[in-house]
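Consider the two complexes below, in which chain A is the common component and chain B and chain C are the respective partners.
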Partner chain A sequence: MAPNITIFAPLLAASLLLFAWNCYRRFSLVAVGQAEDRFQRPATRLWEMFRFAFGQKRVLSRPFGVVHACIFWSFLALVLANGEFLVAGLVPSLNLGLLPAFAHHLLMLVFDLVSLLALTAVLVAAGRRLFCPPAYLDSSYAKARSPEAFMILSCIAVLMLAYFGLHGALIELGQEPAGWMPISARAGKLLGPLSPQGFAALASFFWWLHAVVLLAFLNYLPLKKHMHIITAIPNCFFKSLEKPNTQPREEFKVGNSFGVGSVDQFTWKDLLDGFCCTECGRCQSVCPATATGKPLNPRQVVHDMKANLVNGTMDGKLFKSAQPLIGSQGEGSVAEDAIWSCTTCGACMAACPVFIEQMPKIVKMRRNLVEMQTRFPEELLNLFENIEGRSNPWGIAPTERTKWYSTMDVKPFEAGKTEYLLYVGCAGSFDSRQKHVTVALATILDAAGVSWGILGKEELCCGDSLRRLGNEYAFDKLAKENVQLFKGKGITKVITQCPHCFSTLQNDYRQYGLELEVLHHSQMINLLIADGRLQLNSQVKHLGNIVFHDSCYLGRHNDVYEAPRQAIEAATGSAPAEMERNRENSFCCGAGGGRMWMEEQLGSRINLNRIEEALTAKPDTICVSCPYCLTMFDDGLKDLQSGKDLPSGRTQVKDIAEVVAEGLRPSV
Partner chain B sequence: MLVVVCIKQVPDTTQVQIDPVTNTLVREGIPFIANPYDTHAMEEALRLKDEFGLKVVAISMGPPNAEATLRKTLALGADRAILLSDRVFGGADTLATSNVLSAAINKLHAEEEVALVLCGKQTIDGDTAQVGPGIATRNGYSQLTLVDRVDNLDLSGKRVRVRRKLEGRHEIVESPLPAMLTVVRELNRPRYPSVPLRLASLEREVTVWDNSVLKLDVNSIGLKGSPTWVSRIFSPQREKGEIVGDGAQDPKGTARLLLEKLRSKDLLPV
Partner chain C sequence: MKILVCIKQIPDMESRFKVNGTGDWYDEADLAYRMNEYDEYGVEQAVQLKEQLGNDPDVTVLSIGSDRVGEALKKALAMGCDRAVHVQDADSGRKSPYQIASVIAAFAKDKGFDLIFTGMQSQDRGSAQVGVTVAELLGRTCATTLVDFACADGVVTGKRELEGGMKGVVKFALPALVTCQLGLNIPRYPTLPNIMKAKKKEFVVVPVAELLAAEPMTVTEKLYAPTKKGGGIVLEGDMADMADRLVGILKDKTAVLR
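== the complex of A and B ==
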């Protein structure tokens, strides 16, 4: 079937030119961003792209993702069919019929079947949006039942229907083999009976319908969310290979600007993220701030960044924003309250099927607020001054760092003599509840005969909160002092009881040239059990039903999921109960990202949301592996259980070290 | 016009211990900080700079290492920082100190008119609250102590109106300029320095004036000019507390015990 070339050729040329022009406009906006190397380790990148883009790994992590995967894989096959369609539209003799007959017929069969698959999938997707849309599809700027979504689904459906109509008519005309195209053949039967002229007219109609919708759809892509078809695959290639919670360093030089205060200060990869968002809402569905009614929605942050960029104008090579990036100017601006609501738990990034980096953008904007504008919630002024002045968040005298071990014999770390540094951390040194954990851990290490020591009064804060809050200048100073201290003392092996210290020493300090073997105490305990140095009697029964809560900085950010569970099991003889949201789907306690030091005045409380989930497992003990989680659970349980007469008794909170230390007692 | 802020670098007192033998402060390894009240004086000066365009000069008398504290004032936005440092200034009591500071302020006044001198209400190491008033007296400035609000500054009419925080009441006072204000913490919330200002402050100069600049009679400054002698410093012994009841097991009973205890000591009305 040959279309009228004099109409089609100019139409195709115009469409392609318009498409190229719109893509150019979009990508020249991406090029406004700052430089960033996302090309290192290309083989790894290709493999990741294969797994996550072509393999749809993250898309499939949720049941409904299978519908997207069907559409996507069908799309991949149909790219070939549509390519042929356009080429043959210009030069009819250039078509897949040039292939050996069997290959050609096989392709026709595949196209026929995947077209049906795609049609079914878009109908299911439309049905979901119509009849049972999940809440997270809705946001302030797009709704589950948005006209755009239905328009996109309709376009795909019309393309498939036109495909069947065209080939059905061609089969009826005897131009294509019915046996290889069962669906199209059935469609042809539905169209007829007609005269050959009638089928020819229908074929022509469907051909043009297919052509016009295809070219219109093509030109629609760069304008809206469907641009992810073009950008998502490369975005998986450019995904961060680093720890996402480890922000890049800044160079503190006179004349430099710090953080991101206008959209062009983001990197090109940040900006590309904006054009990859498909508005699936998964980040929104897992964000603790969003879940508790705070002004932050990670999807909205990405949307506003993109809107700010798109609303701007290019003056030659200079980009001019139309509105401030940070502020309350509505769409295109990110509210300060939203920026400060982030716990940096990383759930958004772990959920995003196309590896958009929401959290690092928030930290970059925090940096600008703190470092350039000195605008931050007033509670943080004390925090910053306490850490800068006394190297701990509470501003307690450093001389009191050793007060936790009044009754124990604790030795200082000595280069060459001591194997492990126990980096006690600020909470372990000063927080009255966490000090019990420190003592429990010290008892365990002594029981196993570990050679360990502490820095005592010389120990400094690791700076985690400073960095996540965007006070990179103060963090930088602290990190340099710590690195010098560690190098000076020849420290190579470190045990921490705080996932924030753990992550900072292990990941962030690597940027300062310090390579340490850092073990979270749960890992150390498992190591000692495996070596036979720690004998646990599995007899700890009085803590009752234990449910375990994953810390974000141990779990999601550092992939340590099993060590704490194994430690509990070794002490109690049974695996801990699990909450519905566990491991990589764990829900933050609310204290990460410096939120520990801020009031939670907006929305409901994150810790209560999590504790209510924990209590559904009817635990006697909630077990944690992080000082922040300990505080948040302790406080939350007090809120929930105060003044109540609970028939099953009060739930208590324990760190895994305390559970394990119980297991060291002689069995009764 | 200038607003001069007097800043003292003090040992971080939560970490200070007293040597039981010599009765002096153990200063080794103790970090120094800006006297906390002085940081509020600094903030007010910066606020007045923002509002009236006054020039802010921070001055401090102290050993050479006090430069660090002055440098922080540059990071906050002070236009100039001057360290008054000379061996002959050492060992000064509040009288000798105010002699040196007064002379420095007079010298600044000779260059450009001084509108205000701001001091913290007292330092956390000496706690005398005498240096500010000493400066006002020596320079003949209006003396407005314990200021918790600056209501009005009329530079052309040369008047200032402030609120003083006194026990159980406030007092609104107006006086002519130049005036010396000592300030309390309630006055404001000190700002946090931006990184560009911090970086710039690292390259700026802290001027040092010694006695060859101030040319004071050595009998009026330093140890020689100090009539005060400290006979003994000691930390008061605190009696060990006691644990009353068991709050975890019996919160109500423990609360009752605590109330009885407090009432028996006349700390609560019966």
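== the complex of A and C ==
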């Protein structure tokens, strides 16, 4: 089958040129971004790319992902088939027939079967969009049933059908072996009994149909979300190897601009993200802010960033935005109240199949709002001044830091004498509810004979809230003071009872050259039980049915899922009940990212959403491992249960340390 | 236009205070310091006025004290003042309000400031004398406890907080001195570029001896914590009996029933 080269050659050349031009335009926009090194540890990166892009690991984490995986893997195989198609269109003698017959036949079989697979998958995908579209496919800018989606799916379907048509006709003409292409052979039969001229005409028709649709598809790619076919694989290579909430430091030099206030201040990787979004809506479906009706939708943030970039113009090498990046101008701008709604829970990043970094972009924009414009919710003024002046979010006098242990004998940390620093943390020192947890933890450590000490009045805030809120300058000062303090005291091993301190000390301070061995108290308790150093006197039964809530900063951000569960199990003799959204799918309590210190005026309350989920397990006790979670659950439960007559008694909230410490009471 | 803002650095009022060795002021060890709240309103108002007048006014911020007051001055510069004067005095805490006022007046007298802002009082000593005394020494118009401030064509219109929730409106021509009260404005949080710029602004250090001539007119004799009052009395028992006992106590110990 030889097409008319005088028509095909110019058509192909024109399409390829247009495609190259469109890609160039997109990628030159990416180049507008700031420098960032995403090439370190290339071997790790290649492996991750292999697992996540080619292996479709994240895609397959959702049931429907299997359909995408089918289309993707089919595409991979068909890239070869279509490559041959285009080359042979120009030079008919250059085709896979040059391969040894066995290999050629095997490929024919693979292409044939895989095309059927792709066709089926595309039909299923279309059916899903048509008959049972999930809500998260819809956003302000794209609908599940958008014409675009159906156009793309039909394009793929037509390609497959044309493939079968073409090869069916060729088989009927005796030009290809029927045995290796069972589906095409069946298609050929369906084309009817026809004269050889008839089949030749059909073959030529299908060939052109295939060629035109293929080239059209190719040129459609760079324009819309299907750009991800080109960008998603490299994006998996460039994915962040850092913990998700550890953002790069800023350099405080006169004349620098801080954070991101215009789209060209993002890094090239941020901008590349924009061209990778598949609009799958997964981040939107897991975001606590979106779920509770707040103006934030992580997918929309990525889309607006991209729209802002695409709407801009290049003036020589200079990029000019057409609209502000932060503002209420609608598509292409991110609203301030969206930026402040984020709890930095990281659910979006954990869900994104192509490793788009939504949350770090939000923090970068916060930095700009705080540092360049001092525009932030008014509650934060107090918070910043409290932390800067008194080194704790509440603004309580630093001298009160030691009040929690009025009835205990607690020693200061002394290098050489003390093994562990117990970093009490602000909540553990000042929050009246969390102080009970501190005492419980101290009791456990004493009972196990651990050598531990505290910093007492010298302890400072870790700065977590400052950093997540974008007050990087204040965080930087605090981090430097803390690092100096820790180094000066010769501290190497730290126990924390707060996942926020845990994450900050362990991950963020590494950027300041401080390597610590940090244990969350759940890990410490587990160690002590496993070593036999912590002996409980009795099994804790009176807390009843316990359900466990994963804290984002312990779980998703630091992959600690089992330690708290094991601690509960060791104390009570049975594993805690699970909520529907658990472990990496856990739903935030609403306090992260500095939201703890802000009013929640928009939408419904995140903590209530989570508590209602917890209550479906009919727990007597909700167990947490984080002071902020404790506050959010306590507050929410009070609101839910106030004035209600609850026959089964009230559900209470306990930290794991409290649960374990119950087991230390003398048995009766 | 030239503006002077006088600020004091005070200890964090949440701190636990101890009387010092000489028994006449608090012990400065272990305290965290910040800018006196009322002075912060002054800085903010001065900077707002500067912005309102197209950046024309030149704002000087002055503070008296040991080296640590540099921090407060830097904050004022970051908020938008143009230059800082640090009158170096390691013993400023024990100077009388009159002496402090004379130092400021000595500094300001030949500089031609059109407007001087001070706080209504300091949060630590709380004498509320320095502002008015400076005005007196310089022979200036003075309006105290402003909660509202507007300035146009060399005339200030302000609202003063009076007793019992009343407000008084005052109008006067420059030059003048005003003292600032809570409610005047919300001091800004400086932007990072302004914090950076502040590091390059003029910062003059003057030893207090060059400006201090006045002898103290009052001396702090002694500083002590208030003596603990006796505990309260809780009446219990029969209602009528309790009422009788209450009347007895009111007659004995207070003047209400006499």
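In the analysis below, the second predicted complex is superposed on the first by the 666 of 668 C-alpha atoms of A that agree within 3 Å, B and C clash if a C-alpha of one lies under 4 Å from a C-alpha of the other, contacts with A are read in each partner's own complex, and residues count from 1 in each chain.
Here, a contact is a pair of C-beta atoms (placed from the backbone, for glycine too) under 8 Å apart; a residue touches a chain by one contact, two chains touch by 3 or more.
These numbers were taken from a predicted model, which means no experiment stands behind them.
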Exercise for the section: Kindly say whether there is room for both chain B and chain C on chain A in the superposition, answering fit or clash. Expected result: clash
Problem - chain B versus chain C as contact partner of A:237, first or second or both or neither - result: neither
Practice task
Once the structures are superposed on A, label A:180 by its partner contacts, choosing first (chain B), second (chain C), both or neither.
Solution key: neither
Exercise for the section: Could you look at A:390 and tell me whether it touches chain B, chain C, both or neither (first, second, both, neither)? Expected result: both
Practice task
Check the residue A:473 against both partner chains and state whether it touches chain B (first), chain C (second), both, or neither.
Solution key: both
Practice task
Tell me which partner A:373 touches in the superposition: chain B (first), chain C (second), both or neither.
Solution key: both
Handout entry: chain B and chain C contact sites that coincide on chain A, given as residue numbers
Key = 252-254, 256, 258, 371-374, 381, 384-385, 389-390, 395-399, 473
Exercise for the section: Going by the contact rule at the top, pick out the chain A residues touching chain B in the complex. Expected result: 252-254, 256, 258, 370-374, 376, 378, 381, 384-385, 389-390, 395-399, 473
Exercise for the section: Spell out the part of chain C that touches chain A in their complex, as residue ranges. Expected result: 12, 14-16, 30, 32, 34, 186, 188-193, 195-197, 199-200
Problem - In the complex with chain C, residue positions of chain A that touch it - result: 252-258, 371-374, 381, 384-385, 389-390, 395-399, 473
Problem - Complex contacts: residues of chain B adjacent to chain A - result: 12, 14-15, 31, 33, 189-196, 198-200, 203
